Structure formats: structure tokens, C-alpha cells
Amino acid sequence: MNPVTDVHTLWTTAAEVPGRIPAPHIEYAQISPTLIVFGAAIVGVLIEAFLPRRNRYTAQLLLSVVALAAAFAAVIGLAAGGFATTKAHLAAMGALAVDGPALFLQGTILLVSLVAVFTFAERRLDPAAHGKRVDSFAAQAAAVPGGAAEQAAVKAGFATTEVFPILLFAVGGMLIFPAANDLLTLFVALEVFSLPLYILCALARRKRLLSQEAALKYFLLGAFSSAFLLFGIALLYGYAGTVTYAGIAEVVADGAKQIDPALAGTMGNDALLLIGGALALMGLLFKVGAVPFHMWTPDVYQGAPTPVTGFMAAATKVAAFGALLRLLYVVLPGMRWDWRPVMWGVAIVTMLGGAIVAITQSDIKRLLAYSSIAHAGFILAGVLATTRDGISSVLFYLAAYSFVTLGAFAVVTLVRDAGGEATQLSKWAGLGRRSPLVAAVFAVFLLAFAGIPLTSGFAGKFAVFKAAAQSGAGWLVVIGVLSSAIAAFFYIRVIVLMFFHEPKADGPTVAVPSPLTTTAIAIGVVVTLVLGLAPQYFLDLAGQAGTFVR
Amino acid sequence: MNPVHYLYLAALLFTIGAAGVLIRRNAIVVFMCIELMLNACNLAFVTFSRLHGNLDGQIIAFFTMVVAAAEVVVGLAIIVTIFRTRHTASVDDASLMKL
Amino acid sequence: MADLSFPLLTCAAALPAVGAVATAALPAARRTAAKWVALLFSVATFALALVIAFRFDPGAKGPFQLTESHAWIADFGVRYELGVDGIAVALIALTALLIPFVILAGWHDADPLEEARPNRRWRPTQGFFALILAVEAMVILSFEATDVFLFYLFFEAMLIPMYFLIGGFGDGASGADEGEAAARRASAAVKFLLYNLAGGLIMLAAVIGLYAVTADQLGTGTFSLQQIVEARASGHLTLGTGTERLLFLGFFFAFAVKAPLWPLHTWLPGAMGEATSPVAVLITAVVDKVGTFAMLRFCLQLFPEASSWATPAILVLALISILYGALLAVAQRDIKRLIAYASISHFGFIILGIFAMTSQGQGGATLYMVNHGISTAALMLVAGFLISRRGSRLIADYGGVQKAAPLLAGTFLIGGLATLSLPGLAPFVSEFLVLVGTFSRYPVIGVIATAGIVLAALYVLVLYQRTMTGPPKDEVRALPDLRVRELVVVGPLIALLLFLGVYPKPLTDLVNPAVDHTLSVVDKQDPKPEVRVDAVPGHQRAGHPAHHHDAEAAK
Amino acid sequence: MENLIALLIAAPLVGAALLLCGGKRLDRTGHWIGTLLAVASFAVAAVLFTDMLGRTADDRALHQHLFTWIPVGGFHADLAFQLDQLSMTFVLLITGVGSLIHLYSVGYMAHDERRRRFFGYLNLFLAAMLLLVLADNYLLLYVGWEGVGLASYLLIGFWQHKPSAATAAKKAFLVNRVGDVGLSIAIMLLFTTFGTFAFGPVLDAAGTATSAGEGKLTAIALLLLLAACGKSAQVPLQSWLGDAMEGPTPVSALIHAATMVTAGVYLITRSGTVFDAAPAAQTAVVVVGAVTLLFGAIVGCAKDDIKKALAGSTMSQIGYMILAAGLGPIGYAFAIMHLVTHGFFKAGLFLGAGSVMHGMNDEVDMRRYGGLRKHMPVTFVTFGLGYLAIIGFPGLSGFFSKDKIIEAAFAKGGTEGWILGGAALLGAAITAFYMTRVMLMTFFGEKRWDPDEVHPHESPKTMTIPMIILAFGSVFAGGLFSVNEAFVHWLEPVTSLAHGHPPLGATATTAATVVVLLLGVAAAWLMYGRKPVPVTAPRGSVLTRAARRDLLQDDFNHVVLVRGGTHLTDTLVRLDHTLVDGAVTGTAVAMGGLSGCLRRLQNGFVRSYAAQMVGGAAVLVAVTLLMRGV
């Protein structure tokens, strides 16, 4: 066996002198949302470079909002143009898919990011330092916390306005992630949105030690997992000889029939496929925070600045599940019977693990982190349905969940004491007495998390469980509702704490936010209730978006 | 030489990298181990590229290098700020948040 | 199906909902106004319920009337489908009737403490009454819903306002300091919520399963009760035995928690004990009824075969509930917990009646729901008045109240007598029907259940004896008698107990067709008597025939 | 005419409603309103009675159908009344004696601040009792049955501030409830057997058809007997009657002597055809009757409390009636006749006792009486006549009725007849003994009271007049009824009639009765008349001590039911907490514990996280491979 000779001919063919270089065909209009966001990010960097410091905040904020809104409009335009359904196809030489799920998720990510920008830009919560309003981010992240350099920076009124372009870069990566149609794009998109997030995590104004620790953990584990992902990609490439989704799917479906027998050692080798698939899945499961790859979630959620946590929890999950869906539905449907049992297991331990460990949490952000893990489990149940309904239910769930999450973390930013945000649960005692409205809003979010009817959480949960049940995963549904019951316990515990306990004398106060955060929270509440009461329109939307292009 | 041996080497390197991540305390070393894992992937890509007789794998290897470089930028920045704050680069010291 | 006429049923549910919003919106200082607004809305709802009752034609064909049907969530196969049968009308009327009394009885329950700092944002009074109205709206909707999913939504959603009502408002009579009392209350509320939520979630699994089955066999999934019943009757929809049983169990579990049936009852005593008595009434007289109602409407009609299959086990559980609840009631030291255990016993009777699968049993069970609602309300509210006077729930802290407050003692006694199903009062009719209905199919169970009436007498009379009779204790000597507001609450309830005891026909006429429909769906017939007696029921009885005809002639 | 039937009940019912809801403004007139309405009811009864007499024997039953009460499926209960000769007898007794006792109570309760309510309760009782005897079906009868129970409960516990009264009331209600269980199940069984529980069809069917099977009918009859035992204080449910004497004396006279306690007899007589078709049940009835008549008599001998002695006597006399009712057609009419005469003389005796207590500062211990005949002549005479009547002194009421029962008992025939007749005779002897004892201890002998503290005096007119009227009844009623067997024939259409043939012949039986009566009186005189009565009771024999404690029935109840029950409920409370609730709480705690363990994995060390990820990846890969079987 000596394949080398055959390869050589290929080499030589490729090395022949081309007549002309064929320019890649790029449908710029169809990938415009991504381009807009990246363009704005670059402009943002330029703003940092050239605009005077005092104008940067306004400019960056405006730029981000406009860019995200424009990108969202572009998504709407594409969807209206039929790209979500009939005209769905692959753009940019097959690197990116423009289809229903992609557009739906991109739209969701953009809206979530837009709301997140509001919370990023909030400058009224922390007491003003030296007469200047400050946001949640360090004045100068590179400076040692509490050191002279930092004090000087604070005094000078520095602000890390870079967060906006960083955020935009992350958003850009997230937009590509669920649309990526080959494994290379997938990997690059993953890194494009992960690296900015690592940085954002480290930028907290208060409790910087924790913030940096979160960044370090996130970074190391993220890089570690992306290495696994990459290795998985390598193996899949070895299996199929290509990294495009369609190509791999074809090989998986047809087996190694028309493959050169000389390549039998690698190509079509099931071991490569299975190991590669498993490692690639692991990379994505890490991003969605599924057990046992969830360990980063609580620590990072806790340490990161709360607006970042909210953004991360909402948008990353949407993007990562989008990518997971595409990987499983487009690349690996032929080996459904291989990955389904494993994913069953992952879904079950994720649901139960998240719910159970959350019971004893004492920090609100950690609690929400574990809650997000449990929710990842619920969404996985929908993913496992492997039906069109499964896709649309997951899309709907993601949309519903992301707004609840964002809103919940936005409320967390409001509850403050002398040391910044009071995330210790015990400090939340009696919040309902002091600020009934804020507590009530938070209770709405918690109830939505718990999946109480008339909230979006219930509609979402119903949708995914319904899809799972229809695909025959009845027992998964039963375990799902049981873990919902366990999960309900800790959501309710928080409500008890807020409403049925006497406020402590030295308890935290609720800061009065600017219209930015107020808007963010209000959007969260409205979406939660509308999706709970009249979800049909959005279900239709998700239903129409329920087909992947191949 | 049988190209499959390159794959074994890649797997070995990957494992060494992973083991390094688990074993070493210094953040920089841990990070380098991750880079080692990425490079192991590169080796695998290139090998498969050879085996399949197409260029995809090799191109991916370039992408990987770029990504790794970007990772270095971000990673080092984070590690350095932490070092400046804590005067240690041990990952085990960064364990304030737990349970 | 769509009925273009006035959406009476929607309005009946919307009215209290609007009332809840209106009440909640009033500023903190306008406490009294909030109370009146709430009362007004609840009375208006009652009026609307009466309109429904009169518009309802018991003789009409078809199981549901006043139907409304609108598309809602097509993806889930869910329609906004409302409709009432006689049972629902009766229970809606009960709910709408009780809420004004609950509000009146709780008039001062949510007043802020005098020493409390004024707090512009904290508006417990508004919240209390708004929550009560919210519960009412949801309960009414769940009685009206003929779509399983719609029902489920409100069945679950009503837990939340109930939860806040239980956990947020206490009667200050637990004998502990406020902090500890609040903690106990909170844990009771949590227990209530978790129990019911767990039940509801298990039901959710079954609801989803039902959808999967209908979607699988009918093409599109549906939750419409009528559609499913018809599809089953026509053979378009056939559930496998195992599937049907599992789905049935899922539904039944939730309802059994809510009802509550032994051994799922342990949330009730805590919840009723710690909540203020109007809220306790809301729990046991209104909210819990949804559970038993749903057994009749959903468990039996959706899963007739599985219902028959599970009947023996359920009857035994119901029997245990009856005796167990009564025995535990005897041993209670806390007035409200005693009433709670008594309710468990009564719910045992209701479930017994439902699953006896006879027209007497189910008709009696429906009547029982109504009557138990009224009688428990009367007893519990008077108990609440008593407790608020003395500031203690412990039976041992009372004695000789009769001397100080004869009116209070008298009404308490009547409530108690209704609880022990004294003939002449409404609960007797229903209890006897349940027993007869059970006995005619399951004689042994009927006989054992009858023993429950002795235990009922025991706990009621022991309670009355220990609190009301004997030499008055010092703390009791100066208790004021019932005030006008309190009399207004108790008087009509007692009058109703008497009226329905003597003339329950309006209620039975309302309920009978619905019960017959249910039985026909379950495909059960009443057992026939062994000896046919040639007497036409309802007509002048042929006493001793010979004498009788002569007497007629002589007249 | 039948439309008047409802009025019978309505009058006292309105009275009860008025008096109980009327408030303080009726305090001054309430007792008269109550009395008036009782009398009105009696007047209506009288009108109906004359009307009834005006018709032929077969044509006397009246029916009134008010409305359909409970119609559910085949279950159909009417609110309808039936007034036949049996009901009429009861109606007259109830309203008659009831009116008298209302009148008596005006004087007796004159100083009670809650007198209005007392009359309200009395009226309530009348209404319920009338409903009981007028109902045309078992379910409606059950309403009256429990209604009188309620009235009895309220009246026994009328002096609620006395814990003993409250306890006695509760006990009476509870014991009655046990009987009620029997009645309810009987009704259910009737319904499932016959599809109805109206008297007419059921009794016809039971009488004519054997299709129901004797087993079913026996069961029904036994259940009815259980009900009767509860209401009529028959063994084994007799224990409440003694305690019921805690109530005011008029209550004891009306409810616990003349009327309510005889409801059991009514029930058995009314259900005659059922019992006739179930001989085994009839045997049970006569056994209960015989045992109770002796039991009551023995208890009556030992009691020093005048009312309790009379209560024992009541029990015993009802035992006679039950015995007679159990004999079937040969006894029904006599049971009812004895019931009526007993109504007169026992009410008279109780009123007399009440009068004595009234004059003796509510002292009830006969050992502190003595020689009262001079101080209370009217009471003495009326009480004395009642005494003579009850012991069956020839020519007085009790003689006629009791003699007939004893005769019928012998007529039962065979060994059974001998035993029953013997028991009845023995009972007569003991009756004579204990009643003489009461008489002697109360009105004869020397004073055993302190003249400085107690000033015995005759009672006011409102009290004495009823006593006098009742005394007339005690003397003459029996004789009147027996003229041409008028009473027996009057009842014949309802109860049917058969003449028994006592083995000894009627004259011999009568002679025997008189002899044992004299023996009883003589024995009592020897013990209580000849020598002074000690103020403190001597210890007495084992039997005496047992009899004082109601033959240990209460002790048995206490040990078995009260203590056992308390134990049971306490255990259940513990189980509820630890086992049923514990399962749930345990789950919660277990979840918390599991959570506490699992969160340890989240130890904060990034390398540990990485290790877990690697482990996870390994599992993922391994399982995927295993699934394929590679």
C-alpha cells in the first residue's frame, strides 16, 4: 500500500500554472448582517484610536446600537426575501449557510446583543467616581487593581470603551457560528467570539480579582476545549477528506463505497468518524455548558462583570446551540443512532446535575449559572428530537430563554451594596419589601426559568418536551419534568427570600437605573410575557425556520 | 514511512499536551501545552491532507496557526494582568470561586 | 363551534382579572378603596356567574354550552376553548359566591401593622386582594376550559398567586414571634408550591404525551376534550393500554396532589394552618376543587378504561383519606389544622364518589364539592374570627367562648354540624349520595366509609367542646361577639347551607345531565336494584296501595 | 286535610327559628311563643286526629308530598309525609306531652338567662321528632332521626359551662352516631335492594316478596336494630342515657323519657314487615330488649341520683317495648301502647323529680331527700301515681300495657317464650323494687337534709299543672286503651295484629305479674322503708358497685375506645409526620445532601475542571464507540 504516488499526481495538478485566479464568489448582500457587525467593530477600533476620550462613549454606544439594529434589519430583510425558506442556500462558496435556522438565530443574537449593549452602557448604578459617571468596567484593565496606575486612571475618568468593539467582534463571531457550514468556519467563528469574551470577563470594575480569575479559567478551559474540537475536526477531516458539512454527510450516508480502496485505512474509517464526532460534539457541548463540560460556567458567570455574564449566558448559548443543531442535523444525521444514546445521557445528567447542584447555591449569579446548565439540558432534549419540530422548538426555546436570562442578570446589576453588586443570596432577603417592583420583575424571570405557565419559559419547555415526546423520547420528558420540579425548588427559594423574609438592616439597596437598563429589563419582561401568552406568532416563525439547508 | 505513524505522533502530542494541562501549575506552561495540542492537530491535518490528496488540511493548518497566535495574544494578556495582580502565575492559586 | 354571541365565559374570568389589576394599581394610601374595589369586582363576578347559571340550560343537548372557541397556539394544537357543563356551572357559581365572603372576611387581614414604618412602595393590602381576585380568575378559567392545555395553564398558574397569599400573609396567631412565624409560613408556602408544582409537572409530561398520541394518530395534535372524546368514541383514536394508564396516572397524580388524596396530603395542613383563614378557605374551598373537578372532567373522560383499571386502588386511597383524615383531625391541637385534616377526609369522600362510577356517586361528589366549599368556608371563617380575637390557634387556649360570644359559638357550631354532615344541612345530601353511590357498587367500601361519619362527629364535637363549652377562661371572657361585617359573611353561608340541605334540587338538576354524560363516556351504568318495586319515582308513592287510593278518593 | 301535616312540623320549626335567630328582644316573650307554637301543633294534631277518627279504619292514612328532595339517577327522595295511625299516635304523644313540658319549663327555667334559647331548642326538638314520625321514607326519617339527636345534644349540653354537661352531650351524640351508621347503611341496602327507600313500596315488597332473600332482609333489619339501639339506649349503645341526665329536667322528661328515646321502637314497628321476614333479626331484637330491660332495671336499683335512677328505669321500660316489638305482630301494638303509657308516667315522674329538685336547690342525691311528702303534696301525689303506674299497679296505665307485653313474651312459645317471659317478669319485680326505693327515699322516712339551707316548697302552677295532667294520663290511659282493645285495633291497619297464646293463659300471667310486683315492693320496703337510709352510700356488694357504674360499660368504653383511640390517633399523627410527610421531606433533604456532595466537584481548581472535561470526553468517546460495537 503506497498511496503516496496517487497523491503526487494531485499535487502536480494543483501546482500547474493557473490561467487565471478565480475570485471566490461571495454573496455580500446575503452575509451582510455579519459584515455590518464586523465593519462596525473595526470602526469602533478606529474610534478608540482617533476620537478624543470624552466622545468615545457616546460614539461607541451609538455605533454599536446602529450597527446591531442595521444588522438586525438586514436579517429581517433576508428573511422577508425568502432566504429563510425557499431561497435558503449556501453563501460564500459554501462556507456559510443562509437559511431559516441561521437567520432566526442571527436575529435572536442581534436582538440580545442590542439589549446587552444597553446594559453594557449603563453608567448610573455605580456611584460616580470623581464626578464622572462610571460603568461596570475597569477604568484601565491593564492596571493592577487598587494600584497607583488605576487610581490615576479613575481620577482621569478613563473608561474602557473598548468593550463595545470587543462586544461587536464577539457578536460577529456568534453570527457566523450557527451559520458555519464547514468545520473550519465553525472553528474560526468559535475563536472569534470566544477570544473577545475572555477579555470581557476580565474587565470588571469591582472585584477584579474574581473577574481576572474568571477570565483565566474561561480562557484556559475554552482553549483546552477548542483544542479538542480541533482535534475532532481533524479526525472528521481524516474520515471524509473534506470539512464541508455536506461533504461529510455524504460520506457518512454512503459509507466508503466509491472511495478508493487505497484510502480505506483512513477514509470511511468509522473509528475516526466516531471519535472525531464525539470530540467535535464535546467542543460544542462545552460552549453550551452541558455536564460534564460545564465546570467553567459557575465560576465565569460569577466572576465576569454582570452585563457580560448576561450577554454571555444569553448569546453564547444561542450561538452554540445553533452550531450544535447544524452539526447534528446536517453533518451527522446518518449516524443518529450513534450519537443519540450519548446525547441522551448528556441531556439527562445536564438537566439533573444543573438542577441538583443549584439547590445549595448561595450566590445569585452562581445560581443562575447552574440554572443555565439545567436549561441547556432541557434544550438538549429538544435537540435530540431530530425532527423539524425539534429544531423549531429549540429555536423558540433559545429565543425565549435568552431574553429571560438577559433580564435576570440586568436585575442583578441593580441590587447593590457598598461593595458593588450584592450577589450573596442572603442579602436579597426582604427585597420584595424594599422594592416590590424590582423583586416582582425578578420573580417573573424566575418563574419563567421555572417554567410556570403563562411565561415564555413554559411555552419553550412545552415545545421542546413535546418535540422530544413525539420522537419517542418519553422517558427523557419524564426526567425533564422531574428535574424541572427540582429546579423549581431553588427558584422558589429566591422568591421566598425576597418576599417572605424581613429585610435586613444592612441589606443592599436597589439602584435606580438609567433608561438603558430599564429598557433592557422591560424588553425582557415583555418578551417573557408575550411569548408566554401568545407564542403562536413566534412559534410560526421558528417553525418556518425549522429546515437546514444542505 | 507509513503516514499513519504521523497520526500516531499527532495523537501522542495531543495527549502529551492534554496531560500537561492537567499536570502543570504555571499558567504559561499550561497555555503552552494547549498550543502543543493545537500543533498536534495541525500535524494530523497535514497528514490527512497528504493521505486524501487534497489541500484542505494544509490550509486549515495555516488557519490554526493564526488562531493560535490570536489566542496567544489574548491569553498572555490575561495571564500577565493576573500575574501583576497576584504576583504568581500558578493556576492553582486562582481558585477563589468554587462550590 | 365558534359562538359569536357575547363571550360570557371569558368575561366571567376577565372581570376578576381586571379587578386584580385595578386593585393592585391603587396607591399605598388608598387601602380602603382597594378593598372596596376588590369587593365590587368580586360581587360583579358573582352576578355574572349567576347570569351564566341562568343562561345555562340543563336539558340542552351536547355536553358543553356557552362555548367559545378561538385559535390560539396552533403549533401546540391548543385552542382557546371554553364551555361549561352543569358541574362547571355549579363550581363557578360556588367560586364566585365564596370570593366576596373571603374578601369581606379578610378585610383587615392584610392591614399593615401599626408600628410598621410607612413604606410607599410596599402595598400588602392591595396585593392581598389583587391576588385573591387573580386566583378567582384562574380558577374560573380552569373550570371553563375544555381544552386540556388551556386548563393546565391555569391549573398551574394559580399556584403562584396562592403561593404569595399563603406565604405573604399570616394570622399572627401561631404563638411564635413574627420572624419565626414568617419562616414557618414561608416553608408552608414552599411546600404547597413544590408539591403542586411537582404534581403539575408530572401532569405536564402526560399532557405532552397526550399531544404526541393525538398528533400521531389524528394527524394534528389536539387538546380539545370534546374532539378527543369523539375521536375515541368513533375509533379514530385508540390508546394502547399501557399508554393510557401512564397518561391517566400522570393526570391523576396532579389532581390527587391538589385534591389532596392520601398520601399526597401533607402540604395541606401546613398551608391551611399558616395561612390566614380566608386564604385557607380559598385553598380548600376553591382551589382544591379544581383537582376533584378535573378528575371528573379530564381523568374519566379522556381515559375511561384506565380510570376503570385504577378505580380499586383509588377507592382504597380515598377510603384511607376519609378515615385517616378524620382520625388525625381528632388528634390536632390547632384549630385550623384540625379543619384541614377534616377537609382531607372530605376530599376522600369526593374522590370516592367520583370513582364509584355511579350517578349517585358522581352527582353526590359534585354536590359535595359545592357543599364542602360552603360548609368549610363557614367553619373556617368563623374559626378565623375567633382566632383573630384571641390571637391563638391552639385549641387549648380556648374554653367557654360560648358564654362570651354566643353568636360566634352558635355559627361555629352550625359550621361544625355541616362539617359532620348533619341531615338537614347541605353536606348531608352530598355525603349520603356519595355513600349510596359507592355502596351500590362497592358495598364493603361503602360500609367502611360510613364509619367516617362517626369520626366526623367526634372531631367536630371535641373541637366545639374544648373551645366553646366549659367554664370560660380568663383570656376568653372578654372576647367580643361577631361584628356586623362578620355576620354578613357568615349569615348567608349558613342560610345557603340550610337551603341546599332542604332543597338541593336546583343543584341536582344542574348536575345530573353532566354526570350522565360523564358516565356514558366512561361507559358505566348504575347497578340495578335486585327487586323492582312498582313505584314510579317522583310521583305520589303508593304507600300501602289499597289504603292510599281510598285516601285519594276521600279527598 | 293532608295539607295540615306540614303545619304540624312548621309550627315548632318556626318557633325554633324565631327564638334562635330572634335575638335579645324576644327574651321576655320567647318562652310563651315557644309554648304557644307547641300547643298550636298539638291543636293541629287534634284536628287531624278527629278527622282521622271520622274515617274508616282502612282509609285513615294521609299523604302529603311537598317537593322532590334529592333526585339523582335512580335515587329519588321526596320531602313527603305520611300520617297513619301509628304516626298519629306518636304525633299526639309528642305534641301533647311536648306542650305540657313546654308549659312546665316556663316555670322550671324561669331564672335561667338563656331561657329563650332553651325554648328554641325544645321547639327544634318537636319539629325534628315530628318529622321523624311523619316522614314517608327512610331518608327523611333519618333527617328527623339526626335532628332529634341534635336537639338532644343541644339540650343535654344546655348548661355548657358545666364540663360534665358538655361531655355528656358529646357522648350522647357520638353514641347515637354509631347507631346512625346502622340506619344509613340500612337505607343504602334498601336502595340497592329495592331501588327505593320509601315506606310504602319497601314495606310492601318486604312483606310480599321473598325475592330479596332473607339474608338481605336480615341485614337490613339488624342495621335498623343497631340504629334503634343507639337512639333508644339499648344494650350495647345504652351508655349515653345516664349521662344525658345532665340536661335540664324537662329535657329528661320529654326527650330522654317520653319521646325521643322511643324512636327506636317506632323504627322497628314501622319496619315491621322487614323484621317479620327476618326471624333471625327478630331474635336479636328480643334479646336486646330482654337484656336491656334487666340491665336498666339493675342499674336503676343502684343509683342514688334520682334522675339517673329514673334513666335506668327508662332504659328498662324501653327494653320492654323493644322486646314487644321484636315479637312481631303479636307485640307491635303493645309495644306502642306501653310506649304511650310510659310517655305519660315517665314524663310525670321526671317532672316530679324536677319539681323535687326545684324545691331542693337542685339536689339530685336521693340520700339527701326524705320525708318530702309533707312539703310537696302535689308533687308527691302526682309522682306517686306515676310510681304506681310504672310498677304496674293493677288498674293503672302501666299495668295494662306491661302485662300485655309479658303475656306476649310468654306467647312467643317454646323455651324462648319462657326465657323472655321470665326475664320480663323478673324485670317487673326489679322495677317494683327500684321505683319503691325511689319513692321511699324521696318522700318517706326522716329528713336527711339541712333545714337551714334547704327550704323545700311546692312548685309554681306552671309546673304542677302539667304534672297533674300527666298523672291523669298515667292513671287512665292504659284502661281507656284497653276497652275493647281499642288501641290495638286502632293500630291494626299499620302494624297488623296477631293474638298470641301464652302457655299459662292470660289470667295466670296477670297473677304472676302482680305477685312479683308485690315481692319487689316488699323487698324495697324491707331495705329502705323499715330502717333509715344512710346519707352516705354504703359500699355495697360487687353487683351494687358495678351497677352504680352502669355495669362497667363506661369503664369498658374508656379503656377500649377512648384510650385505644387516643393511642391510635397519636400514633397516626406521628406516622403522618415521620412517614408520609417524612418521605417528602426526606427526598428534599436527600436532594440537598446530593447537591452538597456534587458541588464539591466544583472545587475552584482549573486543572481539576480540565481533568473532568477530559474524563467526560473519554466517556463520550467510549460510549459512542461502544454503541457501534467497535
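Order of writing sets the labels: A, B, C and D. Residues in every chain begin at 1.
Everything below uses one rule, namely that contacts are C-beta pairs under 8 Å (C-beta built on N, C-alpha and C of every residue); 3 or more make two chains touch, one makes a residue touch a chain.
Here the structure is a predicted model, which is why all the values come from computation and not from measurement.
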>> Which chains sit in contact with both members of the pair chain A and chain B?
In response: D
> Considering C-D alongside B-D, which chain pair is linked by more C-beta pairs in contact?
Replying inline: C-D
>> Comparing chain centres built from Cα atoms against the global Cα centre, which chain wins on proximity?
In response: C
> Approximately how many whole Å separate the CA-defined centres of chain B and chain C?
Replying inline: 66
> Centre to centre, by mean C-alpha position, how many angstrom separate chain B and chain D?
Replying inline: 96
> If you average the Cα atoms of chain C and of chain D to get two centres, how far apart are those centres in Å?
Replying inline: 36
> Distance from the CA centroid of chain A to that of chain D, rounded to the nearest Å?
Replying inline: 80
> Among the residues of chain B, which ones contact at least 2 other chains?
Replying inline: 18, 21, 30, 91, 94-98
> Of all residues in chain C, which are in touch with two or more distinct other chains?
Replying inline: 194
> Among the residues of chain A, which ones contact at least 2 other chains?
Replying inline: 216-217, 220, 224, 228, 298-299, 489
> When you check every pair of chains, which ones turn out to touch?
Replying inline: A-B, A-C, A-D, B-D, C-D
> Along chain D, where are the residues that touch chain C in the complex?
Replying inline: 1-2, 20, 55, 58-63, 65, 67-76, 78-80, 82, 84, 136-137, 139, 142-143, 145-147, 150, 153, 157, 160-163, 165-167, 170, 173-174, 177-178, 180-181, 184-185, 187-189, 191-196, 198-205, 209, 211-213, 216, 493, 565-566, 568-570, 572-573, 576, 580-581, 583-584, 588
>> Please output the residues of chain C touching chain D within their complex, sorted ascending.
In response: 191, 194-195, 262-263, 265-266, 324, 327-328, 330-332, 358-360, 363-364, 400, 402-403, 410, 417, 422-424, 428-429, 432-433, 435-437, 439-440, 443, 446-447, 450-451, 453-454, 457-458, 461-462, 465, 468-472, 502-505, 508-509, 511-512, 515-516, 526-535, 537-538, 540-548, 550-551, 554-555
> What residues on chain D touch chain B, complex-wise?
Replying inline: 599-600, 602-607, 610-611, 614
>> Which stretch or stretches of chain A touch chain C in the complex?
In response: 392, 433-437, 447, 450-454, 458-459, 461-463, 465-466, 469-470, 474, 477-478, 480-482, 484-485, 488-489, 492-493, 495-496, 499-502, 534-536, 539-540, 543
> In their shared complex, at which residues does chain D touch chain A?
Replying inline: 588, 591-592, 594-596, 598-599, 601-602, 604, 606, 608-610, 612-613, 615-617, 619-621, 623-625, 627-628, 630
